[in-house]
Structures are given as C-alpha cells and as structure tokens.
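Below you will find the structure I want to go over with you.
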Amino acid sequence: MTPLLDVQSLGKSYGGRIGCADVSLRLYPGEVLGIVGESGSGKSTLLNCLAGHLPPDTGRVIFDTRAEGPRDVLTMSEPERRMLGRTDWAFVHQNPRDGLRMRISAGGNVGERLMAVGARHYGEIRAQATDWLARVEIAEARIDDRPSAFSGGMQQRLQIARNLVTGPRLVFMDEPTGGLDVSVQARLLDLIRGLVRRMGLSAIVVTHDLAVVRLLADRLMVMKDGHVIETGLTDQVLDDPQAPYTQLLVSSVLQV
Amino acid sequence: MIPMIHVENLAKNFTLHNQGGASIPVIAGAGFSVAPGECVALTGESGAGKSTVMRILYGNYLAQGGSVRIGTIDITKAEPREILALRRETLGYVSQFLRVVPRVPTLEVVAEPLLALGRPEEEAFDRARDLLTRLRIPERLWTLSPTTFSGGEQQRVNIARGFAHAYPALLLDEPTASLDATNRETVLTLIEEAKAGGAAIVGIFHDLEARARVADREIDVAVFTPKLA
Amino acid sequence: MRDTDYNFAYLDEQTKRMIRRAILKGVAVPGYQVPFASREMPMPYGWGTGGVQVTAACLTPEDTLKVIDQGADDTTNAVSIRKFFEKTAEIAVTERTAEATIIQTRHRIPETPLTEAQILVYQVPMPEPLRFLEPSEVETRKMHALQDYGLMHVKLYEDIARHGEIATAYSYPVMVEDRYVMSPSPIPKFDNPRLVSAALQLFGAGREQRIYAVPPHTRVVSLDFEDHPFDPSKAPHPCALCGAEDSYLDEVITDDRGSRMFVCSDTDYCAGRRGEAA
C-alpha cells in the first residue's frame, strides 16, 4: 500500500536551536497518528513543517495526491500547496480564533472552502453548510451567527466543520481539545472519532494529553528535544513504554 | 491442523529506567499452540505472568525475544498497522475493564468492531442489539454511555463488544468474573459458540467450573517464569 | 506661454513620467493594482488626490476636461478640481460628456456612452476589494497573485445570508478579463455594466498609492452566484425633470415635510435631454 504521507528525515532549526531533527514517518490511509511530548519538544514545529506553514531545512514530505500520485509537498508551487491546503488537507488549530474568520457568519465560515474551490451556487453552498453544522452538532438556527457568539466548544466544532466540508483526506490537529472543559473535550473527541471513521480520514494529532491520544490515535510518536524517541501502537507505547523518557511521561499522569 | 496461535521461545523483561535501570525478567522460553476451535486456559498464581502473556499475544506488550504467530502474522515483528489490521479482523480481546470514549451510546460501543470492518450499520446494530439482549442489558440503557454503568454492566457491555465480530482468535481475560449465574451461563454459551465457530481461544479463568467447562487444555505459566538467580 | 508659475498640470515632469509608467503597467495588466509614489497634492486625502494625479499625468494642452462628482458638474469638489486644472494647465473645460477628452469622476460613470477618444479617470478611496475581509496587505497581494478569490464570494454570501439578496449597492466587485478581482470604486452597481467601455478607464487611489486600469473593450464581469445573479437595479421611477427611465437617479428632499423627487444624478445627461425636448 502507498502511504498517504511519507516524511523523510525532516529537520528544522531556529538558528542554533533544534526545532525538530531527522523525523521520518509514514501515515497510511485511515490511520490516526498521535504525537506527544512536553512543551518545546518540537511536536508543533514538526506539525507546522508537515502542513506547509513552516519551511523545514531538510527532508521531504511526500503526499499521495489524488491526481498525480506521490509528490513532494515542499517542492510544490505555492498555488498547488494552497489548493492542497483547502481540498485534501485540513488544519485544526488549538485556538479556534486562528482557524475561523470571527467577523463572518458560521455558514460563511463553512462555505468559504467550497467557494475557494469554485462553488458558485448559493443554495447549494448553504445546504452543505447546514448539513455540516448538523454533523458537528450546531443547530441550523445558528448558521447566520458569528463565531464570536459561540462557546469555546462550539467554535472548535465549527472549525472542524469548516475544515472537513471539502472532504479532505489528511487532517492536522494541534491540541484540538486544549483549553476546553473536560466534558466539552469528551464530546469533541467523540465527534472527531466518529468523523474520522465515517470519512476514512487520516490524521496527525499533536497533543500533550495522553488521554486524548489513547482515545484518538492508532499509533504514537513520542518526542523530546526535537527528536523522536519512541514510536509504536498507542496502547503498547502507553502500557509498555521502553524509553526512559516515555516511562517518566506515562508514570507522571494523574490517575482518576 | 495448523495452529491459529503459535508461541515460540517467548521472552519478556521489564526495564525500569526510572528506578535505577533495573531489568526484571518475567517470561522466558514460553511456547504453546492453539488450534482453531480449541480453548486453552492459562493458569498459575497471581503474578505468575498470565496477563503479561495475554498482553504480548495482543501486541499490547513488546516481547524481548521469540515469536508469536497469529494466523500468518508474527505479532512480535509486525508493523503497527499490521497489528491494527489483525486486531480488526482476526484477533479479539475481552479484558476485565471497559475503556471507551465517554458519551458514546452503549449500542454503538458494541457495534463498533463491526462498523470498523465496514459492515453495514443495520447488520452491526442488529448484532449489537442481539448481544445486549442476551447479556440482559436493559434496553433503556442502550442509548446511554456505559461509562456511568455499574461494574457488572460495564463488564457485560465489554463482553458483548468482544463477541460482536467472530474473531478467528480470541483472548479472554476473566470473562466471567463478578457475573451472576444467569449472565455467567450466557457468557459461557458465547464462548462455546465461538469455539464451535472455529475460534482459537486463550483464556484466563479464575472461575474453576467455567474453566473446566470451556477449556480443552491448561497451561501453567509458572513454567515460563524465569528462575531468579 | 502661460502666465502662471506652475509647471503644466501642477506636477513636475519626472513625477508625471513615474505616474505614466504606473498607468502603462496598469493598462498592460488590467485590474492589477500598481503601486506608485503618490505625491502630496494641494487638497486633502479623500478629495480625489489619486484621480487628480492620474489626470495631471494624462493631460495635454489640447485636452478638454470634464469633472463630475456623483454625476454632477456643479458640486464643490468637481468645481474645485476643474478650476485647479484651468489654473495650472490652462486647458479647456466642459460640462458636456460628449465634448470632453478626459473626464475625472467620483462615484459615477456618465450616462452618455463614451468613445475610444476619451479617458475616464476615477477617484478611488479604497482600491483593495478584499480589504474588508482580509486586513493584511501581504496576504491580499498573495491572494491576487494566486487568484485565491474564494473570500470575495464569502462577502456576497454574507450579504445574501443577512439580507436575502446581494445587498452590496456600490463598490460592487468585478472580475477583470478572468484574472483580477477589482473594486470599481464606489460607483453604484447600476453603473457596473458600463465598465465594459470603449474609453480607457484609469483608477487612482492617492492615499493608498495605487493605480489600476481597464483598457477599452476589456471584459468586466460583476461577481455573483448562479442562483443570485448580478442585478444592476435602480429606483423604480422616471427622472422628475427629464423623464428618463434608463438613468441613475438621486433622491432629492424638496421641503421640510418630507416631499421628495427623483432626478438624474448625471446633470449633463438630464440637461441635454431637457434641451432636446425644449
């Protein structure tokens, strides 16, 4: 099987400081990969390099495009990369304010990606927006409200709807449940899991929350000081960690 | 007959890096086979390593040596995605504890293994309803998340989920613990049905009667425990 | 020789060359906003400093200039600019659309069809049609470069969602020659169809330091949705003075009791029709 995403020896430095170094990974269709580590471990740098938000210094990011098969995303032209970013890729930010247009209605936020790829029928755009709001459990009556009138959890669900409306194949998520109440987190995780399964999505989820990856991720990558120090099946890494740092990380979680 | 599960020369150590790097050998030289339709019970004192063996068989623990072949896959050397596919299609595991996403309705929890295989929703939910009925989970609870259920109810939901798909290889970790007589009988019947359906089963049964009824053989894991120097 | 101390048309020749280069580039790339080094003019920003600089760079001594503001030749702004060029360039001026070779305008396109011998110069307060939605200039330039225009339709979507129709009545965005999305300046959308013209159309934004152009006979399409097509609607009245039914009308309050009348905003057009009738 061709991997959907094939990352080879990716590296990024900030001057003399290592952001991430020599990261290689393969993501197959339908797989969810969790990346865990503490603040400064390089997990966000890695995610931003993969998603094209940051130019890495070394390495290749090969994506299996629909039209032309595997292509190195880093050597694509800007228009190609943007097109990828609003069709096959999606990026869910930790802070919904970074991923939403706060002055545009919920429906407009969801519809933007459709219009960006050429949708020009208002009725159809609106119908799709309504459908997607329902899928993320936002009442149709709220379609013309601005996100600023929404709660944090609703904003995050709206961001997910906005991202998934074009049927992407790969979703990057940066601490998708960070900053939310526990009960809201649970609802969001359930929602993401359901969408991932029904749409056959592949996802890379960066988080410091081990409970989140246990529920969402098939596989786990543990990062420390910019390096990948352990990878494996999520439950295996969490239940039988091998690296000293992973053992420390797992044993540091408060049990409820 | 070709065994469904074949364990050879298995070894497992725990290295505790944060406790002075102590390495504790827990299993060495373990080997056994389970044929389709056969149920093998692991026995031994508490702490002898029964659960550790089960977890290695499921790919939850890493082995330090030897091989564990499930069907055609050596789980000790397989890629994560191969193990995931194996768990989806071939290898089931019923543990004592339910671990699910909060808020997901019970019916969906039970149907999930079939949905993950891409079976039609109708078939998956029919099977889930059937199992929940047999295990006497009241219908009014089906739309609720099992996270709020009693221990016994949670265990039965877990069993229903474990038996939703007819896995060719099945691992059972104390499936009848803390069940009343009626539900225990249902679970034993489910195990017998799985055996009749050709499943190779490895189980841990503290319930001696249950063990005697469903297990064809017993393996004392004490023989796999390394002799401490 | 002239008896003023001004250089012809106020600006020095080097500045006019700089502006002409920007205009030529704008003509070569229709709808593209060309940055230029806008000069301080003897009038405040917002009074047409961009248009005046473009006009100054285009004027020759043989030109006849017409200046309109909201369609009228006799408003303060139009009169001031006309006088400014009468004094600094000593060119002929007119109020008749057909007689002018250069027409500087604020917020209207004349009703009388223009010809290939004419230049229409627009005063533009905000040249960037995407600005309302995207505050970053770096990002909007990138969006133009990549034809990343989904956002423009988001604005129209918001209109329909809120008002049931595209409520944008002026500065209605257009697509120029299938390439650049452009703001036509705050002309009423009624005028949009006339952006397809035989005349050269130049747009000057003084404060924002941008010049852009629509060459003669360029394709200019108003953005819309398939199920909400562009509609250049106007008030459903004939002109109270000349009876025209095809012109853009201003609403005029005639007393303190709320009486009103609708008259052509294009004063020359209206006067011309009344002259014909008389």
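Just so it is clear, A, B and C label the chains in written order, and each chain counts residues from 1 on its own.
Note that a residue touches a chain if its C-beta (ideal position, glycine included) is under 8 Å from a C-beta of that chain, and two chains touch if they have at least 3 such contacts.
Since the model is a prediction, treat every value here as computed from it, not as a measurement.
Student: Whose Cα centre is nearest the centre of all Cα atoms in view?
Tutor: A
Student: By mean C-alpha position, what chain is farthest away from chain A?
Tutor: C
Student: Could you give the separation in Å between the centres of chain A and chain C, each centre being the mean of its C-alpha atoms?
Tutor: 46
Student: In whole angstrom, what separates the CA-based centres of chain A and chain B?
Tutor: Measuring from centre to centre gives 32 Å for this pair.
Student: Where the centres are mean C-alpha positions, what is the separation of chain B from chain C, in Å?
Tutor: Computed value for the inter-centroid distance: 76 Å.
Student: Any idea which chain C residues touch chain A in the complex?
Tutor: 133, 142, 146-151, 153-154, 157-158, 160-162, 225-228
Student: List the residues on chain B that touch chain A in their complex, please.
Tutor: 14-18, 55, 59-62, 80-81, 83-84, 99, 101-104, 115-116
Student: For the complex, give me every residue of chain A touching chain C.
Tutor: Residue positions touching the partner: 78-79, 82, 86, 101, 103-105, 107-108, 111-117, 120-123, 125-126, 143-144.
Student: Contact residues on chain A for chain B in the complex?
Tutor: Of all residues in chain A, those touching chain B are 28, 31, 186-187, 189-190, 193, 197, 214-215, 218-219, 231-233, 235-236, 239-240, 242-244, 247-248, 251.
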